[in-house]
Structures are given as structure tokens and as C-alpha cells.
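To start, the structure itself, in C-alpha cells.
Lettered A, B and C in written order, each chain numbered from 1.
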Amino acid sequence: MAKENAILKEDSFIFKRILFSFNVLLLVLLGAIFITLFVFSIPAIKKFGLSFLVNTTWDPVIGEFGALPFIVGTVLTSFIALFLSIPFSFSVSIFLTEYFPSGRLSNLLTSALELLAGIPSIIYGMWGLFILAPVIRELQIKLGLPPYGVGIFTASIVLTLMIIPYSSSISREVISLVPNDLKEAAYSLGATKYEVIKKVIFPYSSSGIFAGLLLSLGRALGETMAVTMVIGNSYFLPKNIFSPAHTIASIIANEFTEATDPVYTSALIELGMILFVITFIFSLIGRIIVKKFTVGEE
Amino acid sequence: MNFPKSKLERKIFINIIKEKIFFLIIFIFSITVIFLVLIILFYIFKKGIANINIDLFIHNPKPTGEPGGGVLNAIVGSLILVFFASLFAIPIGVMAGIYLADAKKSKFIDTIRLFVDVLQSVPSIVIGIVVYGWLVVPMRSFSAISGSVALAIMMLPVIIKNTEETLKLIPYSIKEAAYALGVPYYKIIFKVVLPCGISGIVTGIIVALARIIGETAPLLFTAFGNHFFSTSLLKPIEAIPHIIFKYATSPYEDWQNIAWGASLLLVIFVLSLNFLSKVVLKKWKVKF
Amino acid sequence: MESQVLNPILDVENLNVFYGDFKALSHVSVKFYENKVHAIMGPSGCGKSTMIRCFNRMHELTPGVRVEGRILLHGEDLLTLNPMIVRRRTGMVFQKPNPFPNMSIYDNVIAGYKLNGVHLKRSEADDIVEDSLKKAGLWNEVKDKLFKRGTFLSGGQQQRLCIARALALHPEVLLLDEPTSSLDPKSTAHIEELIVQLKNNVTIIIVTHNIGQAGRVSDFTAFMYLGELIEYGPTEKVFTVPSDKRTEEYLGGKFG
């Protein structure tokens, strides 16, 4: 009997070890991603050092690689998209938590958000390239700008659509954690919904909403296909928000398989490493805040 | 005691008006989101229906300049890529999820949970580069298998999270009952825990499939795409989202039309998977 | 002293409340009188909370709720007024003390003004805070730490802070929804004393599932059961010679 027990225990132990090892594998995976990116970036890092980040010339023919135009392109598209998405995701999360937590309208909006989240990136690219870009071209003609159609602004609009469901789902989750008794207390004092949202819900959930913005920004920064199709592929620093440009992700997507020179490939991988590190930091901070927020409520 | 009643009531009156304006703004923005979705879907369906036909499913791409052709090679390629990605990701993801659901609270476990979330937000293009470094460089060739590995990495966090969250909901008393009967741990997992959580786990897998079937970026430098029909794991292979990208950005109008047809195909496929995941969650749900 | 005329302040006429298909209140008609304490008692789920939540339109925060009938506040049907105005005129204190965690004690008392965006002069605010905290019997305990967070107080003190917060808006009716159910016996006694004192300032309606509490603090008592008002009258009469058998059984401890 004792022996049997020991065998059983041994069994559980081995099985638990196996399960455990899969988790370790996961940590190894993240570490390996970084190390791989770093190792492949070494030739470019050695050759260009920190000037890689501030140099504005990207010319594979003469072998000069500066990442600044793409960093600027990435930051511009992502921040414009984040900025444009805020009124939508804020409205949607308030709509679904405070005004219509259930019912037909709520179901309709929830399904719309699910559809928006489910549509693949490449489809947004198709829509942006063939439907949105011509509209933007008209707009540019009216504004007296060069009518590219594609460019930073077009990419930003497409990104906006893509991050709305993401950021609204996070802020919705965070807002729904505001204790009901605080809201009731405020209502019982004659406060309107607007005042309750502004003075009770918002102060209470602001850190969580901020985390949601960080995570959405991280997502926008790394988005590849849709942006690649509508960004306009330009090596130069964008002149205005309608200029064609490149983001880090789009230049990698466009040129990686064409890069024949080892330093060229290495420069592109270094871009990938920069992208990885930035999104890693953003999502780490965002997740930690969200986690603290939700645990604090339990 | 003076009490600023009139001041208060006037303010409340103003607030009521402010609230109405606020609601109007919230309402307009929210409804706009619904309209945006409808507009996007409208164009995809309009352009897609005009270009979808039986040729799409039964023909391979024709050489440049020749009219007609389909995306059969991409459909088969996508299925192969997704199948092998699932083969890698499902066992690892489910196992890792089981462990996390059962693990005692510790710093290490919290870190893993955090990193699962972080892994989910690694840009897909970065995963493409990394798998290129791991498999394509040593094998000296783009290959279907490397594409599957890249997609598997993208599936992992979705499966792990869904598995963990589903299994956490199973009351400890059920496991306790099994323990009390002298059942060893691994048998409890396979005979009690997994059957109870099956709906959530399958849902997680379907959601993960819906996510990767439309992924293009990780395939660019791994599966690479192939103009011809191929089922070999060691050779480049075509995929639906990749052929859409290639054709949409080409200068030929008939290729662009094929891209629209393929887009509709992909959207219908992804949306059906999402719908299926909901049905599974509802129908297979085990009540405690 | 109990011989003065009774002035009805809140007059409920044939009130029906539905949650979807479920009828939570059925044909309730009842009058509440100025400067009296009214207790509403009954087993849980009898509709007593639902009823007082209608008195300041808090029921509207629950989706799918429907109300029929009239509730006259000084002769005006409050179901036709704007809910914000109604809530200003009827204060409410909840089961669990709920001071705003991000505000000091001082700010919590004038939260009704702050939330509504009313700018008070410093002296005005000071007066209101002192007056309300004195009425709530909390002034002496907190006058030296007015700018500390309200959440540092004990449960009983927090509940009195919530009473002060409601009183600061000079409500005509103060609604107390089981205000002592989460408090220890000593804090409960303190609140009960306070309620008796407060009736000189404001009409009080208290929902309680504690029969003893109803007997100790109220002038009038209502007994509700399964959404119906079974019995209503002067507390002494309801407790000594109840006219309905169900009231008698409840007072005898036969319901939960």
C-alpha cells in the first residue's frame, strides 16, 4: 500500500514537472526572441552605433542606414491613431457600462466591436488601400496637397479602427470595476451621470484607463500589414501628416526579403529589436497597472 | 443656518442640460462605431461578391499577364500552415494553461502570467524575423514548417489564457472528490479537469485559429509564399492572407480583383470561426 | 408632546413596481409625516428596499424596472420631477458605509455640492461642514482631522459621515436603507440615538430587518411582506395590538 502511494506520488510529481516545463519554455521563448534579435543586430550595431537612431538617411545602395524617418513615422501614425481613437473608445466604454449595460443596443455595439476586432489586419489594408485612400486623395486635392492618397494620415485612420475595440474593451473592464456603492452615493446626492462619470468613475479608474491607452499604443506601434499597404513607402522624414512615410514594421515587411547585404539585413533586424523592446516595455507597464487595478478590487 | 439652496438647484438644472449634451456625444460616437463596421463590411462584401467565383477555389494562380486563375494553392497552404501550427501550439498551450490554473500563488507564476500577456503583444512581424533566424537561416530555405512555427507562437498565449481561465472556474471540490477516490494527478487532469473545461479550451483554440488564419506578417519571411501548388513542409508555401497582400499591391487589375475575392473568403472564414467559438462555449458548457 | 398635528410630507398612492415580469411591489399606499421616524420592516425580499429606492428615484439605476402609481412629495408627484432634483430633496444612506475614498472628511460632507459643481465660499463650506457633522454627532470626533481621508474612520463613524453628507444638502426626507446592518452593536446604538435626535430636523424613513430597532427608533411602523404593505400605523399600536395575523407572526419571529 505504502509502495503504491509512493508510485502515485511519483506519478503526480513527474506529470507536474512536465506541465511546469512548458511554462519554463514560455519564459525561454521570450528571452530567446530578444537574444535572437540582438545577435542578428550585432553587425549593424557595430557599424552604426547610436547614430542609427538619429541618422535620417536610409540608402541600401551606398550602405548607409539611419532609422530616424521610420521611428518618426511609427510614432506619428501610432499617436495620431491613439488620439483619434480616444473619443470613440471612451464613448463606447461609457455607453456599454453606464448607459446601456444590456439590451438590444448594447448587443449591437458589442457585436460591432467583436467584428472590428476579428477582421484580419490584411483586410483593413485592402479597405484602406482601395476604399479609404481614394477618399483621402480627394481630400488632399481639396486642401491643395500632393494627392498621394496613401501616407501617414491614411495609415492612422486604419490604425484607429483597429485599436478602438482593443482600448474600449480594456477601459470597459476597468470602469465596470468601480464599486457600485460609490456610484449610488453620488447619484443619491443629486449628481447627474455626467458628474458621476467625471468625478467618481474617472478618478477611480484613471490609472486603468491609462494602462489601456499604453497597451493600445503598443498594439498600434507593432501593427504591420494594414499600415504597410497604406503608408506610402517613403525613405524620407515625413513633412506633414499627409506625407507618405514608412513605419518600422512596414520597412521590415517591405525590404527584409530583398536585403542581400548582411549589414542591410542586420539593420532591418535591429529595427525589429527596437520595435520589440518598445512594445515589450509598453505592454509590461500596461499589464502591471491593469493587474494591480483588478487585484486591488477583489 | 444659511443654505445655498437656490445656487444648488440652479446648478443641478444646468447639470441636467450638460448631461443631455454629454449623452448625445457619447451616443453619436458609439453609433458611429457601428456605422464604421457596417461600411467596412459593406465594401468587403460588395467588392468580394463581385469577384468571388468557382475558379477561385479550383485553380492555381496563372502566370503574370494571363487572365483568370484562382487561389487553390493558397487555400491548401493556409490549411497546412494552420494545421501544423495547431499541432505545436495546442499541446504546449493547454499543458501550460493547466499548470497555471492549478499552481499555487507565487512570484514565479505571476511572472509567467504576465509574460503570457506580454507575448500576446509582441508584434507579429518580430515573430516573423525571429523564426527566420531560428529556422530559415539554418535550413537555408523558406519553408512551410517555419511559417507554422511562427503562427504557433502567436497561438500560444491565446490558448494558455483561455485554458487557464476556464480551468480556474472548476470548483476544487470536484478535484477533491477524485483525489478522495485515490485517482492519480494525471488521471484527474485527463478524466476530470479537461472534460469539465473542454468548452472553454476548445473556444480558446478556435479563437486562436481565427487570429492566425488572417496573419500575414509572420509569414513574409518564413512561409514566404509560392506561386505554385505545394504541400511540402520544407518548401515555401502560399497562404490566403499572403496572396491577398501580394495581389493587392500588384499593378494588375485582375490580380487586385482576385485579392478582393480572397479577402471575402478570408473574412467569412474568420467570422465563422468566431461565431463557432461562441456556439461551442454555449453548447458544451458544463454547469457546476 | 406627541399630540401635535401630523403633516403628511410623502404620500404614496397605489405604487406598483415591476422588474421585468416580476412584481416587486403591489398596490402600496402609505403616508409619511413631517418630523417623524418611520420604520419599514419585513423579511428580506419583501420589497422594503425597493420602495424607499423609489422615493429618491434610485430604482431607475436598475435596468428593466417599471413603476406605476404616484409618490407625492409635498403634494408634487416626484415620479414626474427630474430625478436629480428629487435626489437633492431626499437624502439616502446605504447599507454599507460608502464615503468617497478619494476625498477628505471635509470634502465628503460637501460632496453633494462638489459633485454638482457648486462653488461654495470657504466660510459657507465651513458652516455647512460643521453644522452637518454636528447634526450627525460626528463633529467632536473628527474636528481635528477634517482633511484626512474619510476611509480611515471606523465603520460606525463612516456611516455617520454618510449621514452628514446627506444632511448637508438639507433634504426634506432622509432615507436610511438598513443603515446599521454592517455595524457592530455599539455603533448601531449610536446611530439609533442619532436617528431619534435627527427627527427634529428632517423626516426619516428607515428600512430595517431588525424588529427591535424598528421598535426603539420609530414613531410609525410599516410591515411589508411579499411586496405588499400588510400593516401600517403608530409603532406602539403595531407592536402591541397588530391587526394582521402575519404581522403578529413576524413580530413573534416566525419569518426569517
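Following the convention adopted for this analysis, a residue touches a chain if its C-beta (ideal position, glycine included) is under 8 Å from a C-beta of that chain, and two chains touch if they have at least 3 such contacts.
Fair warning: this is a prediction, and the values are worked out from it, not measured in the lab.
In terms of inter-chain touching, the protein chains here all touch one another pairwise. No other pair of chains has as many C-beta pairs in contact as A-B.
In this assembly, the C-alpha centroid of chain B lies 52 Å from the C-alpha centroid of chain C.
A straight line joining the Cα centres of chain A and chain C is 49 Å long. Distance from the chain A centre to the chain B centre is 15 Å, each centre being the mean of its Cα atoms. In chain B, the residues that touch at least two other chains are 12, 15-16.
Looking at chain A, one finds that residues 190-192, 195 touch two or more other chains.
Residue numbers of chain C whose C-beta contacts span two or more other chains: 84-85, 88, 112, 116-117, 169. Here chain A touches chain C in the complex through residues 101-103, 179, 181-192, 195-196, 199-200, 203-204, going by the rule given at the top.
Taken together, the chain C residues at the contact with chain A in this complex read 56, 58, 61, 63, 84-85, 87-88, 91-92, 94, 96, 98-102, 111-112, 114-117, 162, 165-166, 169.
Interface of chain C with chain B (complex): residues 82, 84-85, 88, 112-113, 116-118, 120, 124, 127-128, 131, 169-170.
Of all the residues in chain B, the ones that touch chain A in their complex are 12, 15-16, 18-19, 22-23, 25-30, 32-34, 36-38, 40-41, 43-44, 47, 92, 95-96, 98-100, 102, 111-112, 114-119, 121-127, 129-130, 132-134, 153, 156, 160, 182, 184-186, 189, 210, 213-217, 220-221, 224, 241, 244-245, 248-249, 256, 259-260, 263, 266-267, 270-271, 274. Per the touch definition, chain B reaches chain C in the complex via residues 1-5, 7-9, 11-16.
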